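Notes for the one structure printed next.
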Amino acid sequence: MTDTTMEPFVRNAWYIAAWPEELEDGFIARTIMNEPLIIFRDKDGKVAALEDRCCHRGAPLTHGTQIDTGIQCGYHGLVFDGTGACVEVPGQKKIPSDACVRSYPIVERQQIIWIWMGDAEKADENKIIDYPFHDQPEKWPHKKAMFQIKANYMMMMDNLMDLTHLGFVHAKTIGGNPSVHVNAAVTATPTENGCMLERWMMDGAPPPTYVKAVGFKGNIDRWHRFEYVAPSSVIQNTGAIDAGKGAKENQDQPGLHFQLLHHATPETETSFHYFWSAANGYRQDDPSATEQLYNESYPTFLEDKVIMEAQQERINLDPNRPLVHIPADTAMFIARKALRAMIDAEQSATREAAE
Amino acid sequence: MTDTTMEPFVRNAWYIAAWPEELEDGFIARTIMNEPLIIFRDKDGKVAALEDRCCHRGAPLTHGTQIDTGIQCGYHGLVFDGTGACVEVPGQKKIPSDACVRSYPIVERQQIIWIWMGDAEKADENKIIDYPFHDQPEKWPHKKAMFQIKANYMMMMDNLMDLTHLGFVHAKTIGGNPSVHVNAAVTATPTENGCMLERWMMDGAPPPTYVKAVGFKGNIDRWHRFEYVAPSSVIQNTGAIDAGKGAKENQDQPGLHFQLLHHATPETETSFHYFWSAANGYRQDDPSATEQLYNESYPTFLEDKVIMEAQQERINLDPNRPLVHIPADTAMFIARKALRAMIDAEQSATREAAE
Amino acid sequence: MTDTTMEPFVRNAWYIAAWPEELEDGFIARTIMNEPLIIFRDKDGKVAALEDRCCHRGAPLTHGTQIDTGIQCGYHGLVFDGTGACVEVPGQKKIPSDACVRSYPIVERQQIIWIWMGDAEKADENKIIDYPFHDQPEKWPHKKAMFQIKANYMMMMDNLMDLTHLGFVHAKTIGGNPSVHVNAAVTATPTENGCMLERWMMDGAPPPTYVKAVGFKGNIDRWHRFEYVAPSSVIQNTGAIDAGKGAKENQDQPGLHFQLLHHATPETETSFHYFWSAANGYRQDDPSATEQLYNESYPTFLEDKVIMEAQQERINLDPNRPLVHIPADTAMFIARKALRAMIDAEQSATREAAE
């Protein structure tokens, strides 16, 4: 059982590198797993990620310029295409054979830009999680954001796997009465590569925001489903329908439906990029419904940022100091176990390759 | 003879943790000897100091809330009382046996909150220095402050044990003519656990501030008494009475009287909390006399902060580099020797306990 | 061949410590090769550089005051003269024999203050580079500046030894068309202790700034001469005269003439003080010509600062990681080789002295 918060990175996995919207005004600089990158869309529309360091004198490529053939270094003008190959050295016909920068496998799918930080030969697109909601604007209109958080990325996963935090961290936003969250019946079930955390609250009065969103008139049956997929995604489905209509058997009925994607891409051991996307499965033809969901989520997730950053400051004082377990940690431990298995597999594969 | 500025901490000793006034608006966060603490007054009025780290997931308790039963963590809601015991885990009846945080012995006495950072079993209240002046508002009205200073705590003690600094560090405030301070007759005498530094200036003209304070009309006899009590207190008594009235034999005559407490509580090896309290033993029924003494002390002590922080920056470059001794260092060396004895005793007790 | 950017310091060499103008308002604090210094002009007009740390309690002397006899420490009033000797301890007649601070050889010549950071016995004034231009205001009026740059000092030398950067780093200021700089004929020739980089552009249209400066009416012959002198000076001579007048044989004809001194004094391994001086060899009786040259150089050299600081950030991630060579590096490698020889000579002399 894992009882400290920090784990080594899983490199052979897909992480979100950026939202496509971030590239609309040109390339961006982003550090992932301590590696500074330049991420850009080339003139043919293909996204590329290169090491943000010119091989000539070490200048960051993000101080350069994007031209038709690639990224031109802002120091002496070398140009690199999306594969990392040097395609021009100003004033020369011959390009040195060792002139190139590292490029990283990138897949753009379902309005998400995924990156593979490990062994490029193992980059299997089939391992990318499926998130079809972004491609259904008529059913799931959505809005995205990204926060920089100064904490180990797994603290975000821990956070999402223990909903008892809602009444304390989010007391001023969505929290409401802490005992509602603490006493709700939850089940935590291991999945093939993660954990499904499910919470049902039957036949209760709807929160005011739910009434405002979809106009409930009587009691409702509510659920949250948080699926952790190792190493660093949580797919959240939240919903509510009128009580007594068989919600447990069929959630696909008119009512309130949210679909959230939470993803934590490690920047360093103690910081990550928190990508989140919120889709509303109701009043889909009313843009203000999407805005409202986004505007409620934004300050709520900033509260998580504050507590996680404070937590990391303490962890830093003694990262290996043990923590104390409580029953509410169950889903977190299932999730951590799935991560651990992934780390162990990667490390034993590395050892075998070295032998 | 000690000739470098940095020494290990003395842990088995009482330090000022806070002024009671600091707790009036609720708990405070304070780091002492590298340990982050939460200090609060419980609902029964008793002051407590706990490690500022929840044992569950490491979040700082100072991000939580004080409730009737103690401090409630702001992440998942665990509650700790003033002894550090966990008294509530939301949603559970059974509290894990290992759920607790470290608490520190606290004594509140004479309007000072004292803390013991070492072995709790050795925390003997009789070792707390006696400072009765805070309890005599009719004779010694006073006002307190605390500064954060980025220097080793002993630099404050060194500072107070060598009054030749007055004419240079405080040239713009209380310093006046440097030669007055440099040439005054001083005696430095070892005490049981420190050093008494005493300076007399007989039959001289009173400084303008003295005249303003108590209306001297002729020459005066003046004295400063600075008693260092290891590890980190200096009790200062300053006074002046009309010349020729036998000041040396009896200081308890009408005139000018200050009583100051200086205390340096280590925050880290290179920073401390400087607690000071200034009491006026004249015009006690006039609050402006207390204000005036405080308002003159405040910028003066900030000048000490500036020079000590600059000094520490240089010391940091090579902490073990020797310093050069001059005769004015005498009191400082007596004080350092008392501290050294305290450190040696603590270290040999620790070694014996380990054998 | 050197292919990383960081090298050990050469200590036995002359570096620019300050421009004389910087001392007009009193002493300055400056760190050179990690050593904090106080630099001042004494009452006899002689410049001195002392370690910025009082030998008594370690306070920085730059927190003190300059008096007739030297620098008086702002803590307890010790006074040090320009040789570093303590000449006064307040209140004492006898000065401790070990009371002194390190002083550094200083030579003020040609309006430059030179310092020697190594073994004082080896400080040979004949090794100071000759820069007569500062002493000829009628022929070479000039103006000086100093920038703090957060990069290893050799990056400045590298920068000046590869002029292909002009079209990229300075695209918005003096750069113009990159291919002009990239395709110009350059020669790089080893000198006794450095490298001469020379570039000629014959019979071309003058840039607008040249026309504005001296009113060329037809084509011109232009040249740049950059002489690196190890360890950290570059003497630049730039000029242009009417085409067809034999510029290569005789540059001393009416036309456009600049004389620049570039000097990088290491502050730490990853920062330096960039001293530069720009002199105009035309319209010498018009102060606006000097101002214009200075005002064009200033933002241009700030562009170099930006790219070098970004480069250093990347280098810091892995200082020993190899770089890739291109033909434009030729002059840089000659310069680096001269530096390497100087380092090797210093290190072998040190080893011999130790045996």
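The chains carry the letters A, B and C, assigned in the order they are written, with residues numbered from 1 in each.
The rule we apply is simple: a residue touches a chain if its C-beta (ideal position, glycine included) is under 8 Å from a C-beta of that chain, and two chains touch if they have at least 3 such contacts.
Here the structure is a predicted model, which means the values were calculated and not measured.
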item: Required steps from chain B to chain C (each step between touching chains, minimum); value: 1
item: Self-contact between copies chain A and chain B, residue sets same or different by half; value: different
item: Gap in Å, rounded to a whole number, between the CA centres of chain B and chain A; value: 49
item: Shared interface positions of chain C, touching two or more other chains; value: none
item: Touching residues on chain C, where the partner in the complex is chain A; value: 5, 158, 162, 164-165, 167-169, 178-179, 182-183, 306-307, 310-311, 313-315, 317, 321, 323-328
item: Sites on chain B touched by chain A in the complex; value: 36, 52-53, 55-60, 63-64, 72-78, 89-92, 96, 98-99
